[in-house]
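Next, two complexes with chain A in common: one pairs it with chain B, the other with chain C.
This part shows the complex of A and B:
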């Protein structure tokens, strides 16, 4: 049996989800196939737009739209440049208003970047954060007395590290380690997942508040590792603030972490509620083409080949981590279009000598080349397939990690990939 | 600080540690100076192979004979550092028949026990080995943990009163008449100067012996031969697998606890302190390893590392592989310095013998007649004859970390173990960072290579108050860069995927290199 869909989106990461939202809102019958959870659960849940540009200088910008204008002028092959300033702005505003109104109550300032403190005691610039990190932004700005609390036994978060790294510019910062013995079942190990599920319980929060209240002193804010439950995090934060009389915020940890998982779950559940088809676990592993069009996508579900007819397709399969790109010993390939990508000839030149630092690894800018409609092109610059568009990190010409532009690229190109398919099919119909 | 002793040993590799231990066991007061941490040179960058001697029987009978004897001694006195996994020499169909005959004949001459196996029998024992083989010979090779071996020697020596100064670089030697009267060193962590006054000075500085010699005004002629090795994330063989052909690149695959190590190469270099392994050299090793064990092709390589062999030059050899791998002792009395000697060359397997021979010389120079005991007295941790058993070690660690807290999930290193190490290092006034802890615990030696546990370790150091302000994050950056140096040449496939995740975490999510 086969299923018919107006638009097939391959990839369950942020780009795939943004494309699915866009397609669904335009009334298309939308179907998503994801190979796994996508990379979202590995993120901090913070959404970056653009904060560092150019990557050579590591220069930090506080006004993302101005930075974006510069980038559009200077890097015509950057994914943002294919979308254009208006396209980026409209898609970000649309997606953000959905997230702002969601139970995760995303927080942003339309025209400014914000900054948060992380579990490493570093400061990360970003564009939008989950509501549970709003007070993180404010506390860092106001530098008021703040208690950073961790838990004895939780190896993923050291409040001392946060305080030691930031105290030179934030003297009112104090670290405490809370002993949860007696509050948590003795048999349960102190892990992110276990404590998160405890925070979902009213009784635990009451006991927790009793434990932490005497330690607050002059503190106006309480910072905790990002383990305050799952989808009800905002209720939990409100409840803690009510009990403690201070503003409470989360601090992102080493991934995989909860804020990313919350976002991934919410996006998926909302799309399912909107009636789209979402299949996860078995990836599309082969495409069939006729002339300049993809016609069928195949996946091997329980060893049975499943053929899915395709009229339009968005490829949002991610980079290496998500499986969208594959690095072999001597070359880099995109397995669905079965194309070899332009890459430095010697593996010695794929990466810089240093892991961190500027300007970024040459391999990071390798990706699928497209035309201005995000349709994949060959090495001669000619469009390979007219009913495929490409979205997200798999696109070439960017370094999202260093630019702090990952979410913005995914959302903007996710929307644009859908729009481009529609406009090019209209052009063809005429 | 002024330190008086009978013998000062320069170099904290296995040889230097072995000498310190040998002298202490003879009741001689000794001090060791090491520029970095222990095993910072070739002792920490090798196969971890306890040679049976088979590798050398045909071309280098002297080395082979040394290996045969030392192999048996070390299995007795250092059993806790050794996994007696056994070894196979296999000849591929393309290899010469003549060499097989030569090998068996030469083995007999040096007293190496061999057993020729049916090819089928060998393949049953080693299912991942290339099935296209025509001969398989069993030898008593074993795998040895060089970090444990050096640390055990240092611990034993310290128990007998020796003093160890790590991160302490020799910067000058003061000569008066025909003697070195002072060795001046500096602690690279604290900047403190240390003046050592000793009756005898021994240089066991590996490829740096020429630089140490130069400080005393002595010319020690050696060549630097770099060898690169690769580690996979899984253990693919039971035995040490050797190619039954004249020694060449990438002809040995060694099971080392939870991983497999393959190498090496032999490339002349001039810079000792920044060793790199280009992609082409990695590819050569992968190709050669694949011939022995085809599964090595698709396995995930997690790191490459390189060490430098100091080759003592002689005139009648062709190529570095032809230079004898036995060791050389220089008595610098010949150069006009009575109380200075150098040991160079040799190999991990013969470290004890090397230590014995140079200690004999030093003792004779001192006019004493104290005999070596390292061939009979077991190292600490080896007294009960229990060999290194990875499963046993991991199960013990797992049991002990369940109630503490796991920092390194790949190798089950918990807070409790780290706390003990920190206490010990603090007692010595030694440097404490993820790398010093790694050398002493296997922290970060598993498949994530410290990508995740490096971060947790820093958090733990902050929790314990060992690091303050930004110094922990600085250590973390250094640790990540050091790790990168070994990972970069093997980035393809799944290893590249993992590195992309780490880059997204450290640079993207944490902005650890940012300037905000």
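This part shows the complex of A and C:
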């Protein structure tokens, strides 16, 4: 029944989703196959563009586009350099305008980085956050009296830790642990998912407001762990602000976390609503090639090997955790193309002596090498397959964790990978 | 069992489980908790078990404790944990293995009894052949007042479709048989109902009773082949469909016919223009429950999922459709899967069903279309226990209602 997709995207993380949105907007019949949930539920939902460059400076830049220009000048092999300044800007603006208009109401300042406080009480620079974290940015900037509230029994979040880490810089910060006894079914564990579903109920929010109001004191802001419901988070924030008379914000927690899950669900549901096929749970584990083209992708379902005909493919399979790369003792392999990546000659040189050292481990920058169309190339620099392009963290030449560039690279190369397949196939047709 | 024997059995279980956890990829587990956020029963039970604790229990050599837990039976085998696992651990297979290590006569509630009946009587509700035929004839007479030329095709040889029926219908909802008769009549296809082995469920899969599972499948295949049917139309029962496809693959059964979920046939027949449909006959706001077995689990095993065809059919037979979220492969269980409806842990089932109730309530729908008899019952119980204003409804009911017959 299913007709062949014009473009197959492998990977359900941000790069895969960005590629799928781009392909769909260009009118291509698009199909996405993800290993599992994709990487987004493991993120804070905050989208980084670039904040630290060069990484060894450890300096947070406030003007991302200026920082990006420096990077483009100095690192021609960086994924951003393959896309170019205009390509990055156009794709980020397009993707952000979708997110800003979405129910998650993403918040950014076009030409500036912003910063939020995290569940560990650290400060994280980023480029854009979900609307429920907007007051997190403002509270941190204004340092007004703020109540950081956690919940008794919720092991994922300690408000005291946040206050302890930040109080030198932010004297009006107060921690409280709320006791939800009587508000929630005692048989349910106090977990992120359970409390989130409680916040979706008006009756719970009314009781919660009664409980927290007397504790507010002078506070102008109320910071809560990021558990304010799933898809209706902005309604819930507005409702709480209305009841309490202070600005309410979320603080991102460790993964798997709600803001990232919200973003993943929204992207997935919007793509499905546009008629895109999305599959997860069984990864693509083998490709068939004819000459310099991939022709078939195989998905080994438990009982049946599914063969999916391919005309164009974007590989957005991520790094080690999702199975995009496989590390062995002395080599790193990309399993779909079955190619060995270029790694430092000795295993001793894969890592620095200091785990958190600022320059970053050499191995972090190892990834799949591509040409200017993001098509995978062999060790001789020649294109391996003409109808495959590569997007996201699996690309070589970046250290997204230290650069704070993960989301930007995923979005920009996700778009560019689709565009490149189209333009390179046009070149070929001529 | 003597203590010695019991200890030996524990050692054996421990070894088997340990091997299975390795085979199922459990050693890749990093305790990230994606399975827990996907699991509606993760926080239920005194022991606070959840899928990742289950893996750890086996890894530290306490596998027999897992086998003794009621929790493995409260699990509805919905497969959402496996679906969400980023490193591909087959958690569902571990639960099935743990269940299979419980001696059959010690499995809780009526799951095994149901399976035993299926094996001996050929259906799991203890319905004698005579009563089955009586019920079919009674419903035929009733239907003939609306469709005078309807004829009941019992044991018709060389029919295109061998039709399975969930035994709850003749037992509890016989008038629903008229809806199914009407659909096959209006589609104008040749079909038949056998006198035996028409059962459209298979509970042996849920206790790990492979012998019964295989034997019942082989008997049904033999019956359909004896009658010379070209296809099997599998009734609206998610686990029955899944157990059939999974069982054929697992036991190497290769029937001479193919098996299609009946919802896919509804969709095919609508596309072929076989029905005259009037969606205004179904005016209520209706949402769709995706049965785990016929959608997520089917898709992960590589069998045909009914998710898109369910929506296609509904859009042709009802006026107001609304999606619940999450949906399709990401949907939550009705709370009655995996044999939970008859395993005897009603308090647990009702409790974790609150996730499903919240999900349906958010849509504001008046009805939940459930193309699965078991999910229908799960949802029906939840609606009653939570005093909800919505009701589940079978897809056949909506389709039969929308079909306009030329006089």
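To be clear about the criterion, the second predicted complex is superposed on the first by the 426 of 430 C-alpha atoms of A that agree within 3 Å, B and C clash if a C-alpha of one lies under 4 Å from a C-alpha of the other, contacts with A are read in each partner's own complex, and residues count from 1 in each chain.
Operating definition for what follows: contacts are C-beta pairs under 8 Å (C-beta built on N, C-alpha and C of every residue); 3 or more make two chains touch, one makes a residue touch a chain.
Small disclaimer: the values here were computed from a predicted structure and weren't measured.
Undergrad: Once the structures are superposed on A, label A:42 by its partner contacts, choosing first (chain B), second (chain C), both or neither.
TA: both
Undergrad: Output check: A:86 vs chain B and chain C. Expected answer is one of first, second, both, neither. What do you get?
TA: neither
Undergrad: Looking at A:283 after the superposition, I want to know if it touches chain B, chain C, both of them or none. Which is it: first, second, both, neither?
TA: second
Undergrad: Touch test for A:327: chain B only (first), chain C only (second), both, or neither?
TA: It touches chain B, and chain C stays clear.
Undergrad: Should A:304 be classified as contacting the first partner (chain B), the second (chain C), both, or neither?
TA: In the superposition, A:304 touches chain C alone.
Undergrad: In the overlay, answer first, second, both or neither for which of chain B and chain C A:404 touches.
TA: A:404 contacts chain B only, not chain C.
Undergrad: Thinking of the overlay built on chain A, is A:382 touched by chain B (first), by chain C (second), by both, or by neither?
TA: neither
Undergrad: Is chain A touched at more residues by chain B or by chain C?
TA: In the superposed model, B touches more residues of chain A.
Undergrad: Given the touch rule stated above, what does A:200 touch, chain B (first), chain C (second), both, or neither?
TA: So A:200 only meets chain C here.
Undergrad: On chain A, which stretch or stretches are contacted by chain B in one complex as well as by chain C in the other?
TA: On chain A, the residues that contact chain B in one structure and chain C in the other are 42, 255, 321.
Undergrad: Within their complex, state which residues of chain B touch chain A.
TA: Going through chain B, the ones touching chain A are 278-280, 282-283, 286, 405-407, 415, 452, 455-456, 458-460, 462-463, 465, 467-470, 472-473, 476-477, 480-481, 483-484, 488-489, 491-493, 496-497, 500-501, 503-516.
Undergrad: Spell out the part of chain A that touches chain C in their complex, as residue ranges.
TA: For this pair, the touching residues of chain A are 35-37, 41-42, 185, 187-189, 191-194, 197, 200, 230-231, 255-256, 261, 265, 268-269, 272, 279-283, 299, 301-306, 321-323.
Undergrad: Using the touch definition up top, name the residues of chain C that touch chain A in the complex.
TA: Residues 32-34, 36-37, 43-44, 48, 82-88, 90, 245-246, 249-250, 296, 299-303, 325-326, 328-330, 351, 354-355, 358, 362 of chain C touch chain A in their complex.
Undergrad: Which of the residues in chain A come into contact with chain B in the complex?
TA: 39, 42-44, 46, 48, 52, 58, 60, 115, 118-125, 153, 155-158, 160-161, 164-165, 167-168, 177, 190, 252, 254-255, 319-321, 326-329, 346-348, 350-351, 353-357, 361, 400-402, 404, 406
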